[in-house]
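Scroll down for the structure; my scribbles are underneath it.
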Amino acid sequence: MKAPLAPLAELGFAQVDLDRARRKGFPEVVYGAGKSPDQVVRIATALFRAHGRVLITRIDAAHVRAVRKHFRTAVHHATARCLCIERKPLPRRSGTIAILCAGTSDLPVAEEAAVTAEFMGNRVDRIVDVGVAGLHRLIRRLPDLRKATVLVVVAGMEGALPSVVAGLVDRPVIAVPTSIGYGASFGGLAALLGMLNSCGTGVTVVNIDNGFGAGYAASQINALATVPST
Amino acid sequence: MKAPLAPLAELGFAQVDLDRARRKGFPEVVYGAGKSPDQVVRIATALFRAHGRVLITRIDAAHVRAVRKHFRTAVHHATARCLCIERKPLPRRSGTIAILCAGTSDLPVAEEAAVTAEFMGNRVDRIVDVGVAGLHRLIRRLPDLRKATVLVVVAGMEGALPSVVAGLVDRPVIAVPTSIGYGASFGGLAALLGMLNSCGTGVTVVNIDNGFGAGYAASQINALATVPST
Amino acid sequence: MKAPLAPLAELGFAQVDLDRARRKGFPEVVYGAGKSPDQVVRIATALFRAHGRVLITRIDAAHVRAVRKHFRTAVHHATARCLCIERKPLPRRSGTIAILCAGTSDLPVAEEAAVTAEFMGNRVDRIVDVGVAGLHRLIRRLPDLRKATVLVVVAGMEGALPSVVAGLVDRPVIAVPTSIGYGASFGGLAALLGMLNSCGTGVTVVNIDNGFGAGYAASQINALATVPST
Amino acid sequence: MKAPLAPLAELGFAQVDLDRARRKGFPEVVYGAGKSPDQVVRIATALFRAHGRVLITRIDAAHVRAVRKHFRTAVHHATARCLCIERKPLPRRSGTIAILCAGTSDLPVAEEAAVTAEFMGNRVDRIVDVGVAGLHRLIRRLPDLRKATVLVVVAGMEGALPSVVAGLVDRPVIAVPTSIGYGASFGGLAALLGMLNSCGTGVTVVNIDNGFGAGYAASQINALATVPST
Amino acid sequence: MKAPLAPLAELGFAQVDLDRARRKGFPEVVYGAGKSPDQVVRIATALFRAHGRVLITRIDAAHVRAVRKHFRTAVHHATARCLCIERKPLPRRSGTIAILCAGTSDLPVAEEAAVTAEFMGNRVDRIVDVGVAGLHRLIRRLPDLRKATVLVVVAGMEGALPSVVAGLVDRPVIAVPTSIGYGASFGGLAALLGMLNSCGTGVTVVNIDNGFGAGYAASQINALATVPST
Amino acid sequence: MKAPLAPLAELGFAQVDLDRARRKGFPEVVYGAGKSPDQVVRIATALFRAHGRVLITRIDAAHVRAVRKHFRTAVHHATARCLCIERKPLPRRSGTIAILCAGTSDLPVAEEAAVTAEFMGNRVDRIVDVGVAGLHRLIRRLPDLRKATVLVVVAGMEGALPSVVAGLVDRPVIAVPTSIGYGASFGGLAALLGMLNSCGTGVTVVNIDNGFGAGYAASQINALATVPST
Amino acid sequence: MKAPLAPLAELGFAQVDLDRARRKGFPEVVYGAGKSPDQVVRIATALFRAHGRVLITRIDAAHVRAVRKHFRTAVHHATARCLCIERKPLPRRSGTIAILCAGTSDLPVAEEAAVTAEFMGNRVDRIVDVGVAGLHRLIRRLPDLRKATVLVVVAGMEGALPSVVAGLVDRPVIAVPTSIGYGASFGGLAALLGMLNSCGTGVTVVNIDNGFGAGYAASQINALATVPST
Amino acid sequence: MKAPLAPLAELGFAQVDLDRARRKGFPEVVYGAGKSPDQVVRIATALFRAHGRVLITRIDAAHVRAVRKHFRTAVHHATARCLCIERKPLPRRSGTIAILCAGTSDLPVAEEAAVTAEFMGNRVDRIVDVGVAGLHRLIRRLPDLRKATVLVVVAGMEGALPSVVAGLVDRPVIAVPTSIGYGASFGGLAALLGMLNSCGTGVTVVNIDNGFGAGYAASQINALATVPST
C-alpha cells in the first residue's frame, strides 16, 4: 500500500487530519476532554486555517478562556459544553432534525447534539422533557415529530423514549443514552441496554452521553434528504 | 432464642414448612426446577394433607406425569408450566388483577403470574401483546387498566412497558422482566435494569421471569383492597 | 392518536405535568439531583400553584437555600435529603407503613421512604438497626411488623433482611437495596441481586437507594387497604 | 387520552398491529424465535391479508415447513434465516445500501440485513470478508463504498471495521456487532463496546446480531435520499 | 532456588504430586471434570499406590464405570458426585462439622462438602432445608448448630443463610454459594456477592458450588480443635 | 416465635447488640465509615459500659478526635485505620496467626487484620512484601509460615499469593483481596476472583479490603486450636 | 488512497488473503469454528495452492473428514483440534519455545499453541501440570524454563502460573488464560483478569483459550532471536 | 524446599528484591502509586545502592520533590509520570521499538512505555496520533513500522489500532488499552476487550494504561533480536 500524500498538520503531539473535510464532508472535530488548553488552541488554529470553521466539544472553563483569547468570535454554548468558531455560518439545509429529551437533566447531552447539528448547517427543533411517564407531553408534539427528517432521542434512566417515538414516526431515530440516573443505572448502562434492545424498528444507538455523535449522524442523514443520490 | 414448636414435615431431603399458611396466609409453594419428580410428589403430598391445596411451578413433563399419577385431579397449565392441586377452589376476591404482557413470547411468564393469582383467589384480566412500539394497542385498553386494583406488567427486551403503564394509572405496578431478547438483552438484564430505573412512580420489580413472585405479591396487595385494615 | 389537552406548565427547560395528580392520585414529585436551584424553584412554584403541595427529593444545600427563600414554610428533612412544601398536611390514612432498616448507615434511604410516605398521608412506624446478624433485635419487634399494612425493608451489604421479614409476615414487602458496603458490594449491586433472588414470597424491589420509590409504592398499597375496591 | 380506533387483528395470543404500515411506512415484521409455527402462520396470515407482504425473521426449520404449507410462494433465505412472502416485489429505490462483513462467519447477520433491505425495496451491494487484518481487501472496494447512500458494517470479534469504514466515507454507517468470537468476546459484547466507542464519526449501532434492525434503518435512510423532504 | 527432589508420578499428561500428603496433611484430590475416564484412573492409581486413599470429585457416569473396573471397592456417592477409594477409613476426629443447606436443590453441593469432610476423618451433622424464609426450621436446630466446631453453610438464590447462622454461633462459618436460582442469580453470582458482603462476623467464602473446598477447609479447622497447637 | 429479652442499648439511630459477646464470644465491633463521629461515640460508650472493650474500624480523622475526647486511653492504629479502647488487654492465646501481604500497598488491609486479631487476644506474625514475583522472599519465611495456626494472606492485583501459600502449609488460609491495582483490577475484582478460583486447597475468602473480617475469622479458628472441643 | 493490486482469492463467501505471507511472514490461518466443512476445504485449497502449507484451527469431526478427503496427507492433532497440511515441513529454528500448562485440563489449549509453533518452524518444550499449588513440580524444571527463548504459560482457574514463571526467568512470557474452572471463573474471566494484573514483569496476555495466538506470537519472537535485526 | 539466601533489603514495610537483576536481567522497578514519598525514597535508595539505576513509575508531585531531594540527578518525565535515576545510561541496543498511539490523550501511557524502553537501553521511535479514523496518517509511516523490531500500540476508545497495525507488519505487536473514552468505554474495558479479540495475528495485550509493562516486554523482545539464542 503506497503512502498517500494527504494533507495533515504535524504538531508533535497530534497529526491534525486536514483531509477529513474532503473525505467526510466536514472537518475534524476537536474533543476537548483530556487535552490541555494549549493543545486545543493549537489544533483549533490548524483546523481554522484550513477550513475556516472549528467545533470543540467537551470543554471546561480553562479551554474556554484559552480559546477565546485566540478566537475572539468563538461562541461558547455553556449547556452543551461546546465552542464554535467559524468565519461565517453554513447555509441551513431544508429538512429539520428533531431533538427530544426525556428529562431536564438530559439537556446538556441534547444541547451537544443540537449545537453540533446546527453548526453543520441543519435546522433543529428542540422538544424537551417528554419522558414516557407523562405520555400526553409527547403526544401533543406528534405533528412536530412527524415533520422531522430524522429524530435524535436523548434519555437516561430506563431509556424508554426512543422505543415509543419509533412507534409513532416513519423516519430514522438515533437514540442517545445518558448517564442520568443512580443505583442500577450504572452510569447509563441501563439506558444503553434498553435502547439497544428497543422493540421499535429503525432505532440506532450511540455511546452514552454522545450528543455530538448523534448530532453528526443526524446531519449526515439530513444531508441525504436534501441532496438525494441519483 | 427458644426453638418454637412450629409444625413441619420432615422428609429427610426437605423440611416442609406447614406453618407457612398461618404466618403468610398461603401454604408453601413448590418450586419444581431442580427437584426430582419423586421429591415433588412427596412434598406435594405433605402439603396437600395439611392444607388441601398445592401449587407447583417450573415443572417439566416428568413432574407432570409423576404428580398426576398421585393426584388425578391435578390441573396442568402448560403455558404457565404450573400444576394446581386443590380440593376446592378458593372463593374469588372482588378486585381485579390486570396482567399485561408486551409480546407473544412473554406469555409463559405472564401465565405463571395469572395462574398463581387465580389459584390464590383473585380475578385476573389478561391484556396481551401491548408493547410500546404500537401504543394504540395499549391505549384502547385504558379503561381495563384503570379498573384493576393492581397491575402486573411483563416485558422482555428493553422492558419499557411498566414505565408507560405507571404513567397512566394510580394503582401499584409490579414489573416482571423476562429473558426474551437476544444479544445485549443478556438474558433479561436489559429489561431488569430498565424496570429498576423506571421513571414511572409506584413501580416495583421482581426477578427475571419470576411470574410466580409477581402473581403472589399482586394477590397480597389485592387482598388488602378487599379486607381493609382498621 | 389525537393530542390531548392535558394541563402542563411549559417552562422551557421542563414541561411540568399538572395532570399527574388526576391520573396518579398524587402530583409530580421533583427530583433535585442534576437540576439547578433555580430550576427546582421554578418547577416547585408551578406545582405549588396547581396542587398546594410539593415534595422535592435528593436536594443539596443550595437547593434548600433557594427553595426556602421562596417558600418560607418549606420543611427540610436533613437525613432524608427532602423538602416538603404544603398548605396543609393531608389527613392520615388508617393503616400503618412499617419502615425497617438493617443498619445505621441505611438511615438516609429509610428516611426518604418515611418522609415520602408521611407526606402522602400515611402513618409510618420506623424500626431501625434490625440487621440479621442479631435476629433478636428484629424478633422483639414482631408485633409491630405484623400490625403494618405494608413493609418497606431497607438494607445494604448482603441485603438479607427482606427475606427474613417476608418469612414472618403476610403483607407485601418492598425491598430497598442501599449502596452501603464496600468492595464486592459494587455500589449496592450485591444487595440488589440478593433482594431480587429473595426466597421470601411477596417481596418486590426498587432501585438502589430509591427510598422515594419505595415510600410511594407503599403509600399506593396502603391506600388500597383503606379505600377497598368494590 | 381517548382510545383510538386503529386497525389491529386480535388473535388472542397477539394483537397484530395493522396500522403500522401507515405510521411507519412498512408493515409489522414477524420475529419468529420464541413463537410456535402455528402462531407465526396466524400472524403472517393477518399481515398478508392487510398488506400483501410479510417478512419473517429468525426462523427455524419448523417455521419454514409450516409457513410454506400456507404460503406456497414464500421464499426461504437460508443463510439469513428469513422468509419473504409478497404478492409482488416493491419497486427498487435508486440509491444503494452497501452491506459489508468482516469475516465469513458474520455472513448470516449480514444476509439478514441484506434480505431485509431488499424486501423493503432497496438495491444492496454485498462486500464480504473485508476485515481490518488485511486492509487491501477493503481498500480495493473503496469506489463501491463511496457509491453507497448508506453503509451497514457487520463485524464480530473486536468490531473494528466500522471505525475504519467511517474514516473513508461521508455517508451514515450503521454498525452491527455479531456474536462471532470466543473467550473475552463475551457473546458479542467486545464488538458492541468497540462500535459504541468508535472514533469514526457518523457511526450508529444496533443490537448484537441485529441484521434486521440495521437493514430496516438503512432502508429508512435510503428512502430519504430518494424522496427528499421539502 | 535449587530444584527439590520431591516425589511425584510423571504420567505424561500429569505430574501427580505425591508430596502433598506430607506438606498438606492430605493427599492430592482428583477433580474429575474435564479429565477423560482413563486419565482419572491413571492418576487415581498413582495416588492409591502412594497413600492408600483417593478422593475423586465432579465425576460423571463414565468416570464411575472406569474407576470401578479398577477399584472394586470404590464407593460412589451419587448426590455428591464423588468417588471414594480407601484401604481403610481414617479414624474419626472428636469435633463435629455441621453442614447446613438452605434448600433441597442445594443438596448436591452440601453432600460434596459432607463426603469430603467424612473422608478426611470428621463427623458430620447434616441440617437440610433451613432457608431463612422459615426461620423456625433453623431455630429449632440451634442446639446442634452450637455443638459444632465449625459450620459449612450452603445456599443459592440470595445466599442469606450464612449471615443468619453467623449471628447465632461463635464458631467459624464457611459459606458456600450455589448456582441454584434463575434470572438475576446469574449462575450463583447473587449468592456469592451476598456471602462476601455478609454482616455476620467470622464468615469466609469459597467459590460457587465448591462443596469440596468448604469440606476441606472445615476439616483443616476441625483438626486444629482436636490437635491444639502448643 | 416469642420475642426474647436479649439485652440491647436502644439509641434511636441504633440498637446496640449487647448480647453479642455471649452469643459470639466477642462484643459487637463498630464499623466507622458512614457513621457520624457523634454516633460512633455513643455506640462506643454503650459497648464500653457493657464489655469494657471496643474496637472501631474504618475511621477517619474526625472519628479519632471525637472518640479520643471521650476515651483518653483509646489507641489509634493509623495504618490500620482502627481505634482500640479497652480497660485491659485480653490474655494472649498460645497459637500464632501469620498475616502475610504481597506488597507495600496492601499494608493497611493487613494491619486491619493484625490489629483485629491482636485485640481479640492473639499473637500475630507479620510477613510483608512477599509477592509471587520474587518467590525467594516467601520461601525464606517458610518456617514461620509452618509455625502458624492459621494464615491470613492479603494481596491485590492478581491475588496469586494465597494459592502459593496454601500449597506450602497444612493450616487454614484466609485470603483477603485488596483494591490495590488499576485498570482491569476493577477495584479488587481481579484479586477476588483469583482467590475464589484458587487451586490451593483450604483457601477461604473474605470481601475486598476486609482485613477486619479475616482477622476475626482467624481469631475464631485460633481459639479452637487452644481450646479444643471434646 | 489507491486500491493496491494485492493477490487474493475471491471465493464469494470469502476473500482469501494471499498477500499475508509476504506482509506477515506466514500465510493466513483458517479458523474452522463457524465455517462449514465445504467452506474450510475451499479456503484451504486456495491457500495450499499459493503457499504449500495450511494450518486449520478449532476444527470438529466434520471438518476433519472433509479436509482429509481432499488432502490425504493432512495431519490431525486431536487434542489441539488442529489440521496441518504441508508439502514439507519448515526447517526448525534454533531457539526453543517452552509451553507450560498448569493442569491436565489445560492441555487442549497448550497443544494448540504447541502445534502452531511447531508448524511455524519452532522447537517446542512441553512442560505440563506445573500449577502453583505444588511449586516443586515447577521448580525442578527451572533449567528448562531458563533455556527457552520465550515461554507460553497456559492456566485456568486463578491463572497464577504466569506471575510465578515471570519471576523466575528473563525472557518474554505470553500468558494464555483458559476457560477451565467453574462458578466464579466465569468462563475464564478470572484467569484473564489475573494475568492482566500480573505482578510479574514482561507478561503479555492473549484471549481466553487462544492457544493459536500465543503460539503465533511466540514464533514471531523466537524468529527475532535467530535472525537478529541489524 | 530450602530457603535460598537471595539478597534482599529488609525495610520493614518492604523487602526489596535485590536478586531480580540477576534473575530477570533488570532490577526491580518501583511502582509509586499508593506508596508514601518516604517509602519510595527508601526503596529507591536500596535499589540504587545495589544496581546504580532506578526507575520509578506512577509518581505524583510529592514523590518528585522527595526523590529529587535525595537524588539530585533524577530525571523527571512529566508526561510519562516517571522518575529515572542512573549513574550512567545503558548502552543502546541496535533494534528499534516503535511506539504508536491512536490519539493525543493516549500520550501519557505511550510515554510511560517509551521512557521505560529507553531506560532499559532501547531506541524508541514515537509515532503519535495515528488513529484508524484517518488511515493515511498511519499508512504514510508504514516504512517506520516495518523497520521496528517490535511495536507497542497504545489506544483507548474502541482500541482498533493494534488490529490494523498487526495486519501490516510481521513483527510482534504489544497492545496497550487506555482508559481514554467515556460512557460505554467503562474505564478502558472496551479497548481491552477489543484488543484481546483482535483479528490481527501476533497481538498480545497488557493491562489498561500499563505503558510500563508494554515497554518492559518490548525491551525483553528487542534484547532477543540483538543477542540471539544459540
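A, B, C, D, E, F, G and H are the chain letters, set down in written order, and residue numbers restart from 1 in every chain.
FYI, contacts are C-beta pairs under 8 Å (C-beta built on N, C-alpha and C of every residue); 3 or more make two chains touch, one makes a residue touch a chain.
Please read these numbers as outputs of a predicted model, since none were measured by experiment.
Asker: Along the shortest chain of touching chains, how many steps lie between chain C and chain F?
Answerer: Tracing touching chains, the least step count from chain C to chain F comes to 1.
Asker: Farthest chain from chain A, going by mean C-alpha coordinates, please.
Answerer: E
Asker: From the mean C-alpha coordinate of chain G to that of chain H, what's the distance rounded to whole Å?
Answerer: 25
Asker: What is the distance, in whole Å, between the centres of chain D and chain F, each centre taken as the mean of its C-alpha atoms?
Answerer: 57
Asker: Of all the residues in chain D, which ones touch at least 2 other chains?
Answerer: 1-2, 4, 133-136, 139, 167-168, 183-185, 189, 192, 196-197, 201, 207-208
Asker: Could you pull out which chain B residues touch chain A in their complex?
Answerer: Its residues touching chain A are 102-103, 131-135, 157-160, 163-164, 166-168, 181, 183-186, 189-191, 193-201.
Asker: Write out the stretch or stretches of chain H touching chain G in their complex.
Answerer: 1, 23-26, 29, 94-96, 135-136, 139, 149-150, 167-172, 174, 192, 196-197, 201-208, 213-214, 216-217, 220-222, 224-230
Asker: Please name which positions on chain B make contact with chain E in the complex.
Answerer: Within the complex, chain B touches chain E at residues 1-6, 8, 12-15, 17, 19-20, 28, 33-35, 39, 177, 179, 187-189, 192, 207-210.
Asker: For the complex, which residues does chain F have touching chain H?
Answerer: Going by the criterion above, the answer is residues 104-105, 107, 128-130, 133-134, 136-137, 139-143, 168, 180, 182-185.
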